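Quick one: the structure is below, questions incoming.
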Amino acid sequence: DETRRVEENGQFPDPAEWAVTDVVDYFKAAGFEEQAGAFQDQEIDGKSLLLMTRNDVLTGLSIKLGPALKIYEYHVKPLQTQHLKSNAA
Amino acid sequence: DETRRVEENGQFPDPAEWAVTDVVDYFKAAGFEEQAGAFQDQEIDGKSLLLMTRNDVLTGLSIKLGPALKIYEYHVKPLQTQHLKSNAA
Amino acid sequence: DETRRVEENGQFPDPAEWAVTDVVDYFKAAGFEEQAGAFQDQEIDGKSLLLMTRNDVLTGLSIKLGPALKIYEYHVKPLQTQHLKSNAA
Amino acid sequence: DETRRVEENGQFPDPAEWAVTDVVDYFKAAGFEEQAGAFQDQEIDGKSLLLMTRNDVLTGLSIKLGPALKIYEYHVKPLQTQHLKSNAA
Amino acid sequence: DETRRVEENGQFPDPAEWAVTDVVDYFKAAGFEEQAGAFQDQEIDGKSLLLMTRNDVLTGLSIKLGPALKIYEYHVKPLQTQHLKSNAA
(Lines give C-alpha, C1' and ligand atoms only; values in the text may rest on other atoms or scores of the structure.)
Protein backbone atom coordinates (compact mmCIF):
# COMPACT_ATOMS: atom_id res chain seq x y z
CA ASP A 1 0.00 0.00 0.00
CA GLU A 2 2.82 2.33 0.90
CA THR A 3 4.10 2.37 -2.66
CA ARG A 4 0.74 3.51 -3.92
CA ARG A 5 0.79 6.59 -1.76
CA VAL A 6 4.28 7.89 -2.50
CA GLU A 7 5.60 9.43 -5.65
CA GLU A 8 7.79 7.08 -7.69
CA ASN A 9 10.23 8.26 -10.32
CA GLY A 10 8.85 11.77 -9.94
CA GLN A 11 5.41 10.48 -10.82
CA PHE A 12 2.39 11.70 -8.90
CA PRO A 13 0.45 8.77 -7.42
CA ASP A 14 -2.98 8.01 -8.93
CA PRO A 15 -5.52 7.62 -6.12
CA ALA A 16 -8.06 5.70 -8.22
CA GLU A 17 -6.98 2.42 -6.62
CA TRP A 18 -6.62 3.66 -3.03
CA ALA A 19 -8.58 2.01 -0.24
CA VAL A 20 -10.03 4.17 2.54
CA THR A 21 -6.94 3.47 4.67
CA ASP A 22 -4.69 4.72 1.86
CA VAL A 23 -6.64 7.97 1.76
CA VAL A 24 -6.34 8.32 5.52
CA ASP A 25 -2.59 7.59 5.41
CA TYR A 26 -2.11 10.12 2.63
CA PHE A 27 -3.63 12.96 4.66
CA LYS A 28 -1.74 11.93 7.80
CA ALA A 29 1.52 12.07 5.84
CA ALA A 30 0.48 15.42 4.38
CA GLY A 31 0.29 16.92 7.88
CA PHE A 32 -3.42 16.63 8.55
CA GLU A 33 -3.27 14.15 11.42
CA GLU A 34 -6.38 15.59 13.08
CA GLN A 35 -8.49 15.67 9.91
CA ALA A 36 -7.43 12.32 8.40
CA GLY A 37 -9.93 10.40 10.52
CA ALA A 38 -12.83 12.21 8.88
CA PHE A 39 -12.05 10.43 5.61
CA GLN A 40 -12.36 7.14 7.51
CA ASP A 41 -15.63 8.24 9.14
CA GLN A 42 -17.14 9.17 5.78
CA GLU A 43 -15.70 6.05 4.07
CA ILE A 44 -13.85 7.98 1.39
CA ASP A 45 -11.72 5.71 -0.79
CA GLY A 46 -9.69 6.87 -3.79
CA LYS A 47 -12.59 6.72 -6.21
CA SER A 48 -14.74 8.87 -3.93
CA LEU A 49 -11.83 11.26 -3.34
CA LEU A 50 -11.60 11.87 -7.08
CA LEU A 51 -15.29 12.79 -7.13
CA MET A 52 -15.18 15.34 -4.30
CA THR A 53 -15.90 19.00 -4.99
CA ARG A 54 -14.66 21.95 -2.91
CA ASN A 55 -18.04 22.12 -1.22
CA ASP A 56 -17.98 18.41 -0.34
CA VAL A 57 -14.61 18.83 1.40
CA LEU A 58 -15.72 21.96 3.26
CA THR A 59 -19.15 20.83 4.41
CA GLY A 60 -19.25 17.02 4.18
CA LEU A 61 -16.36 16.02 6.41
CA SER A 62 -17.19 17.96 9.58
CA ILE A 63 -13.65 19.27 9.86
CA LYS A 64 -12.51 22.78 10.69
CA LEU A 65 -12.74 25.33 7.90
CA GLY A 66 -9.08 26.40 7.87
CA PRO A 67 -7.60 22.92 7.32
CA ALA A 68 -10.49 22.00 5.00
CA LEU A 69 -9.66 24.90 2.67
CA LYS A 70 -6.03 23.72 2.42
CA ILE A 71 -6.94 20.05 2.07
CA TYR A 72 -9.03 20.88 -0.96
CA GLU A 73 -6.75 23.47 -2.58
CA TYR A 74 -3.37 21.85 -1.99
CA HIS A 75 -4.28 18.15 -2.09
CA VAL A 76 -7.69 17.06 -3.39
CA LYS A 77 -7.69 19.43 -6.36
CA PRO A 78 -4.10 18.63 -7.49
CA LEU A 79 -4.71 14.89 -7.09
CA GLN A 80 -7.81 15.18 -9.31
CA THR A 81 -6.02 17.30 -11.91
CA GLN A 82 -3.11 14.88 -12.03
CA HIS A 83 -5.48 11.92 -12.32
CA LEU A 84 -7.24 13.53 -15.27
CA LYS A 85 -3.90 14.24 -16.98
CA SER A 86 -2.64 10.67 -16.43
CA ASN A 87 -5.81 9.19 -17.89
CA ALA A 88 -5.76 11.53 -20.87
CA ALA A 89 -2.14 10.60 -21.65
CA ASP B 1 -41.15 -6.48 -9.57
CA GLU B 2 -37.93 -8.38 -9.92
CA THR B 3 -38.07 -8.13 -13.68
CA ARG B 4 -38.32 -4.39 -13.53
CA ARG B 5 -35.03 -4.11 -11.70
CA VAL B 6 -32.83 -6.35 -13.81
CA GLU B 7 -31.55 -5.77 -17.28
CA GLU B 8 -33.38 -7.74 -19.94
CA ASN B 9 -32.01 -8.47 -23.40
CA GLY B 10 -29.09 -6.19 -22.64
CA GLN B 11 -31.53 -3.35 -21.98
CA PHE B 12 -30.98 -1.03 -19.06
CA PRO B 13 -34.04 -0.97 -16.79
CA ASP B 14 -36.12 2.23 -16.77
CA PRO B 15 -36.80 3.25 -13.17
CA ALA B 16 -39.80 5.46 -14.02
CA GLU B 17 -42.18 2.74 -12.85
CA TRP B 18 -40.26 1.60 -9.77
CA ALA B 19 -41.93 1.65 -6.36
CA VAL B 20 -39.89 2.70 -3.31
CA THR B 21 -39.13 -0.97 -2.59
CA ASP B 22 -37.76 -1.42 -6.10
CA VAL B 23 -35.39 1.48 -5.54
CA VAL B 24 -34.28 0.01 -2.23
CA ASP B 25 -33.74 -3.42 -3.81
CA TYR B 26 -31.75 -1.88 -6.66
CA PHE B 27 -29.25 -0.26 -4.29
CA LYS B 28 -29.01 -3.40 -2.14
CA ALA B 29 -28.18 -5.42 -5.25
CA ALA B 30 -25.66 -2.76 -6.28
CA GLY B 31 -23.69 -3.31 -3.07
CA PHE B 32 -25.05 -0.45 -0.96
CA GLU B 33 -26.77 -2.56 1.70
CA GLU B 34 -26.15 0.02 4.40
CA GLN B 35 -27.35 3.01 2.35
CA ALA B 36 -30.39 1.40 0.68
CA GLY B 37 -32.61 2.05 3.71
CA ALA B 38 -32.17 5.80 3.29
CA PHE B 39 -34.18 5.65 0.07
CA GLN B 40 -36.97 4.00 2.05
CA ASP B 41 -36.72 6.62 4.81
CA GLN B 42 -36.99 9.47 2.31
CA GLU B 43 -39.72 7.68 0.30
CA ILE B 44 -37.81 7.81 -2.98
CA ASP B 45 -39.62 5.92 -5.73
CA GLY B 46 -38.42 5.70 -9.34
CA LYS B 47 -39.97 8.99 -10.39
CA SER B 48 -38.26 10.81 -7.53
CA LEU B 49 -34.98 9.00 -8.25
CA LEU B 50 -35.03 10.38 -11.79
CA LEU B 51 -35.39 13.91 -10.37
CA MET B 52 -32.46 13.73 -7.93
CA THR B 53 -29.43 15.96 -8.42
CA ARG B 54 -25.93 15.24 -7.14
CA ASN B 55 -26.57 17.60 -4.24
CA ASP B 56 -29.82 15.83 -3.31
CA VAL B 57 -27.99 12.49 -3.09
CA LEU B 58 -25.12 13.93 -1.06
CA THR B 59 -27.08 16.03 1.41
CA GLY B 60 -30.68 14.79 1.38
CA LEU B 61 -30.24 11.14 2.30
CA SER B 62 -28.15 11.43 5.48
CA ILE B 63 -25.71 8.80 4.26
CA LYS B 64 -21.92 8.84 4.41
CA LEU B 65 -20.16 10.99 1.85
CA GLY B 66 -17.98 8.27 0.31
CA PRO B 67 -20.81 5.90 -0.65
CA ALA B 68 -23.03 8.86 -1.58
CA LEU B 69 -20.51 10.07 -4.16
CA LYS B 70 -20.45 6.62 -5.78
CA ILE B 71 -24.21 6.15 -5.60
CA TYR B 72 -24.70 9.33 -7.58
CA GLU B 73 -21.85 8.93 -10.07
CA TYR B 74 -22.13 5.23 -10.82
CA HIS B 75 -25.87 4.66 -10.39
CA VAL B 76 -28.25 7.63 -10.19
CA LYS B 77 -26.60 9.60 -12.99
CA PRO B 78 -26.36 6.63 -15.44
CA LEU B 79 -29.97 5.62 -14.68
CA GLN B 80 -31.12 9.16 -15.47
CA THR B 81 -29.05 9.37 -18.65
CA GLN B 82 -30.36 6.02 -19.83
CA HIS B 83 -33.93 7.05 -19.03
CA LEU B 84 -33.56 10.21 -21.11
CA LYS B 85 -32.12 8.23 -24.03
CA SER B 86 -34.90 5.63 -23.89
CA ASN B 87 -37.58 8.31 -23.91
CA ALA B 88 -35.94 10.22 -26.74
CA ALA B 89 -35.73 7.05 -28.85
CA ASP C 1 -62.16 29.72 -1.44
CA GLU C 2 -62.93 26.40 -3.01
CA THR C 3 -63.46 27.98 -6.40
CA ARG C 4 -60.04 29.52 -6.33
CA ARG C 5 -58.36 26.15 -6.00
CA VAL C 6 -60.11 24.24 -8.73
CA GLU C 7 -59.79 24.56 -12.44
CA GLU C 8 -62.68 26.36 -14.05
CA ASN C 9 -63.52 26.16 -17.74
CA GLY C 10 -60.32 24.23 -18.29
CA GLN C 11 -58.38 27.13 -16.79
CA PHE C 12 -55.50 26.47 -14.43
CA PRO C 13 -56.05 28.30 -11.12
CA ASP C 14 -53.77 31.25 -10.38
CA PRO C 15 -52.38 30.88 -6.85
CA ALA C 16 -51.47 34.59 -6.49
CA GLU C 17 -54.56 35.19 -4.37
CA TRP C 18 -54.42 31.99 -2.28
CA ALA C 19 -54.30 32.21 1.50
CA VAL C 20 -52.09 29.75 3.43
CA THR C 21 -55.11 27.48 3.93
CA ASP C 22 -55.72 27.40 0.17
CA VAL C 23 -52.15 26.27 -0.39
CA VAL C 24 -52.55 23.58 2.26
CA ASP C 25 -55.84 22.41 0.73
CA TYR C 26 -54.28 22.31 -2.74
CA PHE C 27 -51.53 19.92 -1.65
CA LYS C 28 -53.94 17.76 0.35
CA ALA C 29 -56.12 17.42 -2.75
CA ALA C 30 -53.03 16.64 -4.82
CA GLY C 31 -52.29 13.60 -2.66
CA PHE C 32 -49.72 15.06 -0.28
CA GLU C 33 -51.75 14.78 2.94
CA GLU C 34 -48.64 14.25 5.05
CA GLN C 35 -46.64 17.12 3.53
CA ALA C 36 -49.43 19.72 3.31
CA GLY C 37 -49.00 20.77 6.94
CA ALA C 38 -45.46 21.95 6.22
CA PHE C 39 -46.86 24.77 4.10
CA GLN C 40 -48.94 25.82 7.10
CA ASP C 41 -45.92 25.58 9.43
CA GLN C 42 -43.83 27.78 7.13
CA GLU C 43 -46.74 30.16 6.47
CA ILE C 44 -46.62 29.77 2.69
CA ASP C 45 -49.47 31.61 0.97
CA GLY C 46 -49.95 31.80 -2.80
CA LYS C 47 -47.61 34.74 -3.27
CA SER C 48 -44.83 32.93 -1.41
CA LEU C 49 -45.56 29.71 -3.32
CA LEU C 50 -44.95 31.55 -6.59
CA LEU C 51 -41.54 32.66 -5.29
CA MET C 52 -40.29 29.22 -4.23
CA THR C 53 -37.32 27.64 -5.99
CA ARG C 54 -36.60 23.90 -6.20
CA ASN C 55 -34.09 24.29 -3.39
CA ASP C 56 -36.61 26.07 -1.15
CA VAL C 57 -39.07 23.18 -1.55
CA LEU C 58 -36.41 20.53 -0.91
CA THR C 59 -34.66 22.10 2.06
CA GLY C 60 -37.01 24.73 3.53
CA LEU C 61 -40.06 22.65 4.33
CA SER C 62 -38.53 19.82 6.38
CA ILE C 63 -40.39 17.20 4.38
CA LYS C 64 -39.09 13.92 3.00
CA LEU C 65 -36.98 14.14 -0.14
CA GLY C 66 -39.07 11.81 -2.31
CA PRO C 67 -42.38 13.70 -1.97
CA ALA C 68 -40.53 17.04 -2.03
CA LEU C 69 -39.07 16.26 -5.45
CA LYS C 70 -42.54 15.52 -6.83
CA ILE C 71 -44.18 18.50 -5.12
CA TYR C 72 -41.74 20.81 -6.87
CA GLU C 73 -41.63 19.12 -10.27
CA TYR C 74 -45.31 18.25 -10.71
CA HIS C 75 -46.99 21.08 -8.78
CA VAL C 76 -44.96 24.14 -7.75
CA LYS C 77 -43.12 24.49 -11.05
CA PRO C 78 -46.24 24.06 -13.27
CA LEU C 79 -48.22 26.49 -11.09
CA GLN C 80 -45.46 29.09 -11.49
CA THR C 81 -45.16 28.55 -15.23
CA GLN C 82 -48.92 28.86 -15.66
CA HIS C 83 -48.99 32.00 -13.53
CA LEU C 84 -46.31 33.61 -15.68
CA LYS C 85 -48.19 32.71 -18.86
CA SER C 86 -51.50 34.06 -17.52
CA ASN C 87 -49.91 37.36 -16.55
CA ALA C 88 -48.10 37.70 -19.87
CA ALA C 89 -51.34 37.15 -21.76
CA ASP D 1 -33.94 58.30 13.09
CA GLU D 2 -37.57 58.34 12.10
CA THR D 3 -36.86 60.62 9.18
CA ARG D 4 -34.33 58.23 7.79
CA ARG D 5 -36.86 55.44 7.50
CA VAL D 6 -39.71 57.29 5.81
CA GLU D 7 -39.95 58.51 2.28
CA GLU D 8 -39.45 62.25 1.93
CA ASN D 9 -40.56 64.25 -1.07
CA GLY D 10 -41.49 61.01 -2.80
CA GLN D 11 -37.93 59.78 -2.36
CA PHE D 12 -37.24 56.20 -1.35
CA PRO D 13 -35.13 56.10 1.81
CA ASP D 14 -31.51 54.92 1.44
CA PRO D 15 -30.77 52.29 4.11
CA ALA D 16 -26.98 52.76 3.93
CA GLU D 17 -27.05 54.86 7.09
CA TRP D 18 -29.58 52.79 9.07
CA ALA D 19 -28.62 51.40 12.46
CA VAL D 20 -29.83 47.91 13.42
CA THR D 21 -32.83 49.45 15.20
CA ASP D 22 -33.79 51.30 12.02
CA VAL D 23 -33.77 48.02 10.10
CA VAL D 24 -35.92 46.40 12.78
CA ASP D 25 -38.36 49.33 12.77
CA TYR D 26 -38.58 49.21 8.98
CA PHE D 27 -39.68 45.56 8.96
CA LYS D 28 -42.10 46.11 11.84
CA ALA D 29 -43.71 48.95 9.90
CA ALA D 30 -43.79 46.76 6.80
CA GLY D 31 -45.97 44.22 8.60
CA PHE D 32 -43.33 41.70 9.68
CA GLU D 33 -43.67 42.17 13.44
CA GLU D 34 -42.74 38.56 14.14
CA GLN D 35 -39.71 38.48 11.84
CA ALA D 36 -38.26 41.92 12.66
CA GLY D 37 -36.49 40.63 15.76
CA ALA D 38 -34.35 38.30 13.64
CA PHE D 39 -32.60 41.33 12.14
CA GLN D 40 -31.76 42.43 15.68
CA ASP D 41 -30.54 38.92 16.59
CA GLN D 42 -28.25 38.77 13.57
CA GLU D 43 -27.12 42.40 14.03
CA ILE D 44 -28.15 43.51 10.55
CA ASP D 45 -27.71 47.25 10.06
CA GLY D 46 -28.38 49.09 6.79
CA LYS D 47 -24.97 48.35 5.31
CA SER D 48 -25.39 44.62 5.95
CA LEU D 49 -28.97 44.74 4.63
CA LEU D 50 -27.68 46.10 1.34
CA LEU D 51 -25.29 43.13 1.09
CA MET D 52 -27.87 40.39 1.69
CA THR D 53 -28.68 37.89 -1.03
CA ARG D 54 -31.93 35.95 -1.38
CA ASN D 55 -30.22 32.94 0.17
CA ASP D 56 -28.99 34.96 3.16
CA VAL D 57 -32.54 36.11 3.91
CA LEU D 58 -34.00 32.62 3.53
CA THR D 59 -31.41 30.64 5.48
CA GLY D 60 -29.49 33.09 7.66
CA LEU D 61 -32.27 34.65 9.71
CA SER D 62 -34.00 31.53 11.06
CA ILE D 63 -37.42 32.85 10.10
CA LYS D 64 -40.27 31.01 8.43
CA LEU D 65 -39.95 30.42 4.71
CA GLY D 66 -43.20 32.12 3.66
CA PRO D 67 -42.49 35.52 5.23
CA ALA D 68 -38.78 35.23 4.30
CA LEU D 69 -39.66 34.92 0.61
CA LYS D 70 -41.74 38.09 0.78
CA ILE D 71 -39.22 40.01 2.88
CA TYR D 72 -36.59 39.42 0.21
CA GLU D 73 -38.75 39.93 -2.87
CA TYR D 74 -40.85 42.89 -1.77
CA HIS D 75 -38.43 44.69 0.56
CA VAL D 76 -34.74 43.74 0.57
CA LYS D 77 -34.42 43.50 -3.22
CA PRO D 78 -36.27 46.79 -3.96
CA LEU D 79 -34.26 48.61 -1.26
CA GLN D 80 -31.03 47.38 -2.85
CA THR D 81 -32.13 48.28 -6.36
CA GLN D 82 -33.17 51.75 -5.25
CA HIS D 83 -29.88 52.23 -3.39
CA LEU D 84 -27.90 51.33 -6.51
CA LYS D 85 -29.95 53.74 -8.62
CA SER D 86 -29.54 56.59 -6.12
CA ASN D 87 -25.78 56.11 -6.00
CA ALA D 88 -25.48 55.92 -9.77
CA ALA D 89 -27.41 59.17 -10.18
CA ASP E 1 4.12 39.89 13.83
CA GLU E 2 2.72 43.37 14.29
CA THR E 3 4.56 44.67 11.24
CA ARG E 4 2.97 42.03 9.04
CA ARG E 5 -0.52 43.20 9.92
CA VAL E 6 -0.15 46.93 9.43
CA GLU E 7 0.23 48.86 6.25
CA GLU E 8 3.80 50.04 5.60
CA ASN E 9 4.67 52.84 3.21
CA GLY E 10 1.06 52.91 2.09
CA GLN E 11 1.32 49.25 1.16
CA PHE E 12 -1.54 46.88 1.96
CA PRO E 13 -0.30 43.90 3.99
CA ASP E 14 -0.20 40.51 2.26
CA PRO E 15 -1.84 37.90 4.51
CA ALA E 16 -0.19 34.91 2.80
CA GLU E 17 2.33 34.61 5.64
CA TRP E 18 -0.05 35.28 8.55
CA ALA E 19 -0.40 32.73 11.33
CA VAL E 20 -3.85 32.10 12.83
CA THR E 21 -3.08 34.61 15.60
CA ASP E 22 -2.27 37.28 13.01
CA VAL E 23 -5.66 36.70 11.39
CA VAL E 24 -7.37 36.96 14.77
CA ASP E 25 -5.45 40.15 15.61
CA TYR E 26 -6.34 41.66 12.25
CA PHE E 27 -10.09 41.24 12.83
CA LYS E 28 -9.84 42.49 16.42
CA ALA E 29 -8.08 45.62 15.17
CA ALA E 30 -10.73 45.98 12.45
CA GLY E 31 -13.46 46.25 15.08
CA PHE E 32 -14.72 42.67 15.11
CA GLU E 33 -13.68 41.76 18.67
CA GLU E 34 -16.61 39.38 19.09
CA GLN E 35 -16.12 37.58 15.77
CA ALA E 36 -12.30 37.33 15.77
CA GLY E 37 -12.33 34.22 17.95
CA ALA E 38 -14.18 32.29 15.26
CA PHE E 39 -11.08 32.47 13.05
CA GLN E 40 -9.13 30.88 15.90
CA ASP E 41 -11.82 28.20 16.39
CA GLN E 42 -11.76 27.27 12.72
CA GLU E 43 -7.94 27.51 12.53
CA ILE E 44 -7.91 30.05 9.72
CA ASP E 45 -4.40 31.26 8.93
CA GLY E 46 -3.51 33.68 6.14
CA LYS E 47 -3.36 31.03 3.44
CA SER E 48 -6.83 29.77 4.37
CA LEU E 49 -8.14 33.34 4.59
CA LEU E 50 -7.09 33.93 0.99
CA LEU E 51 -9.09 30.85 -0.07
CA MET E 52 -12.35 31.81 1.64
CA THR E 53 -15.45 32.55 -0.43
CA ARG E 54 -18.37 34.72 0.65
CA ASN E 55 -20.31 31.58 1.51
CA ASP E 56 -17.47 30.22 3.66
CA VAL E 57 -17.43 33.42 5.71
CA LEU E 58 -21.21 33.48 6.10
CA THR E 59 -21.84 29.84 6.93
CA GLY E 60 -18.52 28.32 8.04
CA LEU E 61 -17.62 30.54 10.98
CA SER E 62 -20.82 30.38 13.05
CA ILE E 63 -20.89 34.14 13.49
CA LYS E 64 -23.85 36.48 13.19
CA LEU E 65 -24.98 37.34 9.68
CA GLY E 66 -24.66 41.13 9.97
CA PRO E 67 -20.99 41.22 10.97
CA ALA E 68 -20.22 38.28 8.63
CA LEU E 69 -21.49 40.23 5.63
CA LYS E 70 -19.19 43.16 6.49
CA ILE E 71 -16.21 40.95 7.31
CA TYR E 72 -16.38 39.45 3.83
CA GLU E 73 -17.19 42.60 1.86
CA TYR E 74 -14.93 45.10 3.61
CA HIS E 75 -12.04 42.87 4.67
CA VAL E 76 -11.72 39.35 3.24
CA LYS E 77 -12.55 40.34 -0.33
CA PRO E 78 -10.24 43.42 -0.41
CA LEU E 79 -7.39 41.42 1.17
CA GLN E 80 -7.77 38.75 -1.54
CA THR E 81 -7.95 41.31 -4.35
CA GLN E 82 -4.87 43.10 -3.05
CA HIS E 83 -3.01 39.80 -2.70
CA LEU E 84 -3.78 38.89 -6.31
CA LYS E 85 -2.61 42.32 -7.52
CA SER E 86 0.63 42.12 -5.50
CA ASN E 87 1.45 38.70 -6.90
CA ALA E 88 0.65 39.73 -10.45
CA ALA E 89 2.96 42.74 -10.18
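By written order: A, B, C, D and E. Residues from 1 in each chain.
Keep in mind that, in the parts below, a contact is a pair of C-beta atoms (placed from the backbone, for glycine too) under 8 Å apart; a residue touches a chain by one contact, two chains touch by 3 or more.
Protein identities per chain, from UniProt: A, B, C, D, E = SAM domain-containing protein.
Predicted, not measured: the structure shown is a model, and the values here were computed from it.
Chemist: Can you report the angle of the rotation that maps subunit A onto subunit D, using C-alpha atoms only, to the nearest 5 degrees?
Modeler: So the angle, rounded to a multiple of 5, is 145 degrees.
Chemist: Subunit B to subunit E: how many Å between their CA centres?
Modeler: Computed value for the inter-centroid distance: 43 Å.
Chemist: Return the distance between the CA-based centres of subunit A and subunit E, expressed in whole Å.
Modeler: 27
Chemist: Quick check: what residues of subunit B touch more than one other chain, meaning two or more?
Modeler: Correct list: empty.
Chemist: Could you spell out the chains in ring order, with the walk beginning at subunit D and its first step landing on subunit E?
Modeler: Here the ring, read from subunit D toward subunit E, comes out as D, E, A, B, C.
Chemist: State the interface residues of subunit A toward subunit B in the complex, per the touch definition above.
Modeler: 20, 41-45, 47-48, 51-52, 56, 60-61
Chemist: In the complex, go through subunit E and note every residue touching subunit D.
Modeler: By the definition above, subunit E touches subunit D via 58-59, 64-67, 69-70, 73.
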